[in-house]
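Naming follows writing order (A, B, C and D), and every chain is counted from residue 1.
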Amino acid sequence: MAMAIDRPDAAELLEAVEEYLRDRALPALSGHAAFEARVAVNLLTIARRELDLGPALSGAETERMKRLLGRDGSPEDLEAALVDLIREGDLASRWDELMAHLRQTAEGKIRIANPKYLEDG
Amino acid sequence: MAMAIDRPDAAELLEAVEEYLRDRALPALSGHAAFEARVAVNLLTIARRELDLGPALSGAETERMKRLLGRDGSPEDLEAALVDLIREGDLASRWDELMAHLRQTAEGKIRIANPKYLEDG
Amino acid sequence: MDARIETLAGQLEAALSNELGGRVRVGNLVRLSGGASRETWAFDAKGAGGGAMSLILRKDFEGGRALGLAALMGEPDDYDRAAEYALFQALHAAGLPVPRPVCLPDPATGLSDCFVMERIEGEGLPRKLLRDEAFAEARSTMTAAIGAVAARIHGVEPGKLPQLPLRDVASQLVLCRRMLDLGGAPRPVFELALRWCADHAPGAAETPRLVHGDFRNGNFLVGPEGLRAVLDWEYAHLGDPMEDLGFLCLKPWRFGNHALHAGGFGTREELFKSYEAAGGGAVDPEAVRFWEVLGTVKWGALCTIRAALHLNGVQRSVEAAAIGRRVAETEFDLIHLLG
Amino acid sequence: MDARIETLAGQLEAALSNELGGRVRVGNLVRLSGGASRETWAFDAKGAGGGAMSLILRKDFEGGRALGLAALMGEPDDYDRAAEYALFQALHAAGLPVPRPVCLPDPATGLSDCFVMERIEGEGLPRKLLRDEAFAEARSTMTAAIGAVAARIHGVEPGKLPQLPLRDVASQLVLCRRMLDLGGAPRPVFELALRWCADHAPGAAETPRLVHGDFRNGNFLVGPEGLRAVLDWEYAHLGDPMEDLGFLCLKPWRFGNHALHAGGFGTREELFKSYEAAGGGAVDPEAVRFWEVLGTVKWGALCTIRAALHLNGVQRSVEAAAIGRRVAETEFDLIHLLG
């Protein structure tokens, strides 16, 4: 962390708000507002995992797309090219490679959004 | 934003939690828990500004340190060298440059943490 | 809120008095939770003769119909609450386990876009049905009961029903395409699944049958002895009966019981056996799998829509925001189904 | 909480009955907000003769003293509540505007680490004092009153006080160094300020004087007519009287009235004039500026400590987390002071 960011940094701020919501607000709330407090805590844990894992997962995804498509480009270009391939290209010849890429990408998103889902199988 | 991150992304999740805290939780809370809800909203806005501005501010700070110290290195190395300079080096000869760097760094942090403080002058 | 409850109770009293004759009194009116485009209220009604009824009011949310399936498909929304009421009358007459429709209020009473039906007691929350000791006996009968009720739904003579839209594979692919386009940037997994569906569509049935259209754990009302009713018919249409069996087997309705594809209650094989035994006709497992894939795309696309409505400010909430991040789960499920 | 209030009320009745003689009854006991290391309670006490008193209980927070200044300086914490009580007795005897100390409870009553004092009615919140119409008249007198009270504080004969620690520049720089080291990674701005302070320390006064040590807007109790009392003497020590004037002028206590350095009430010049007019001796503006710098470092270092206590799990709260992000403001203030 560079000097430009003081502590508690963004992830640590989210943790403080999570604790407040869970330990202080939730016991004082009832009904739908209490239910939403639990959802809000979950959103903050998702955001924290995104700050933690997002950059590496995005980078790995871009590398996989470059290999799969055999070309360079920005993540947005590569993604658009991948969608074109899937909509109109010859998929049979690289089905396994494509599915492996999509599986890894989906697993990465789930590691951020709901890691328990991967354990469920 | 790469595919690896679905929407709402981290900043958008924080915005949703801010709205929940301000519009749904706060009216149902009282006393210290209500006060803390306002603080929590503020923490989330700080975190969002950090996600937005942090990378560019950190990058600019590193570049300034390289110029000021006349050397390359990781942000951590450069920061340690700057602290050494301030503790033991000859400051008189580069006082203005040093103060300009420190002022820009502090202003950057405040743009994230409490932008109104800069308007106050 | 209290003022609204009083107004609503008065309107219900007027509508029910009209319908049933004599002075009807309404009490214990409470809004039930849930519903993104529809409100559900529970209440009790007492007639002049002292007879008491437990009732439900289903009412369009203000602006709710703009969020409905027909609006998304660009169709005129003929399927309003009056049409749903007529469907309930037909279903109830056909002997299906559905709440008895009681009253379609005259708009002159101030009530519109709604109808009143009988309230059947029972549990609908999937986690309770799949976990609670109180439903242990019910669980042992659920797969057979679900298979049998599906067979009865699909066996209803279409001529005895009010007009329902025909939703074949092609129209459902159009719907998914439209929802995904509204839901944000193109997603490779959904694109792949749509292409797969176009390539693997089962042949159309000779006669389209009544299809529930949202046939899943979550729309079953259950007592300790077993299945009591099938709810939420707003997506009912004519089409391929295998659609209901496929949709029932989606992973999100298994709530952790992943080896038990049929809503977490039983295996696919048990479901198919009970469906055929109840006279549902021969099950086509490949068609069921196809509808599992298309159903997963449809569910995932609906999630992207809920998230987009949050992101573009139409319906903001932490729940809607959370749903946006669950789309990855449907992508993961699709990869398993196709891989 | 209710059980704790009942116990505390009973202990206070025992302690006050001991102290004052006769049966004392305690009522309206409520905890006031704020305080990271100390609890403050307000209550009413009624003696057997019917006399009523409005009182305050100051009590160490459980584990609170471990967070105190002495603990941070590695000193034995002699300055406990008994010492603070003795100080209040001396201040009150010297005629300073402080709450009258009433009782230092015998630990046999179950009360320890606390004392009881008179409750003076008045407003202490800086934003109200600086903005509310009710304090318009008070505001016009505040700078003169603050200067005068500072002169009276610094004029107290040290021999009439209980023993207080001497805190000269060198010891305060050691304290700041220690706090900053505990507070996290080295910060260039604070390093620069500490070096500047070491190079610019004013000469030590011939006789160290009583210094309040936390002399700021926020520790003044005010009525519509003007200043009523100076509170929060826990940082009182012997040292350079210019320290109190410098600390008063820090930016964080101006609450937006930035041209009015003296707590947002008046200019530095007005403050100095009233101090000298009240017999406080000649003000050394350079020394005041020095103590502004050192006070800003101390305040910033305290903020880093609060944040570190949050980060290492000792005292978690959203407030403590927020304070960590306010440190940048003190860095910004230091750059203005030094630049």
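Quick note on the criterion: a residue touches a chain if its C-beta (ideal position, glycine included) is under 8 Å from a C-beta of that chain, and two chains touch if they have at least 3 such contacts.
Small disclaimer: the values here were computed from a predicted structure and weren't measured.
A.B. asks: Could you work out how many touching-chain steps separate subunit C from subunit D at minimum?
C.D. replies: When the steps are counted carefully, the minimum from subunit C to subunit D is 2.
A.B. asks: Which chain pair shares more contacting C-beta pairs: B-C, or B-D?
C.D. replies: Spelling it out, more C-beta pairs touch across B-D than across the other pair.
A.B. asks: Select the chain at the greatest separation from subunit C, using centres from the mean of Cα atoms.
C.D. replies: Max centre-to-centre separation from subunit C belongs to D.
A.B. asks: Quick one: subunit A and subunit D, Cα centre-to-centre, how many Å?
C.D. replies: 48
A.B. asks: Between subunit A and subunit C, what distance separates the C-alpha centroids? Give it in angstrom.
C.D. replies: Centre-to-centre distance between subunit A and subunit C: 30 Å.
A.B. asks: Out of subunit A, which residues touch more than one other chain, so two or more?
C.D. replies: Each of 3, 6, 13, 16-17, 20, 36, 40, 43, 46, 79, 105, 109, 112-113 in subunit A touches at least two other chains.
A.B. asks: Residues of subunit C that touch two or more other chains: which are they?
C.D. replies: 188, 317-318, 321, 325, 328
A.B. asks: Subunit A touches which residues of subunit C in the complex?
C.D. replies: Going through subunit C, the ones touching subunit A are 33, 185-186, 188-189, 191-192, 195, 256, 258, 317-319, 321-322, 325-326, 328-329, 331-332, 335, 338-339.
A.B. asks: Quick one: which bits of subunit A touch subunit B in the complex? Just the residue numbers, please.
C.D. replies: 2-6, 9-10, 13-14, 16-17, 20-21, 24-25, 28-30, 33, 36-37, 40, 43-44, 46-47, 50-51, 54, 57-58, 60-62, 75, 79, 105, 108-109, 112-113
A.B. asks: Can you check the complex and tell me which residues of subunit D touch subunit A?
C.D. replies: Its residues touching subunit A are 184, 187-188, 307, 310-311, 316-318, 320-321, 324-325, 327-328.
A.B. asks: Can you tell me which positions in subunit A touch subunit C when the two form their complex?
C.D. replies: Listed in rising order, the residues of subunit A that touch subunit C are 32, 36, 39-40, 42-43, 46, 79-80, 82-83, 86-87, 91, 98-99, 102-103, 105-107, 109-110, 112-114, 117, 120-121.
A.B. asks: Can you list the subunit B residues touching subunit C in their complex?
C.D. replies: Counting only subunit B, the residues touching subunit C are 3, 6-8, 12-13, 16-17, 19-20.
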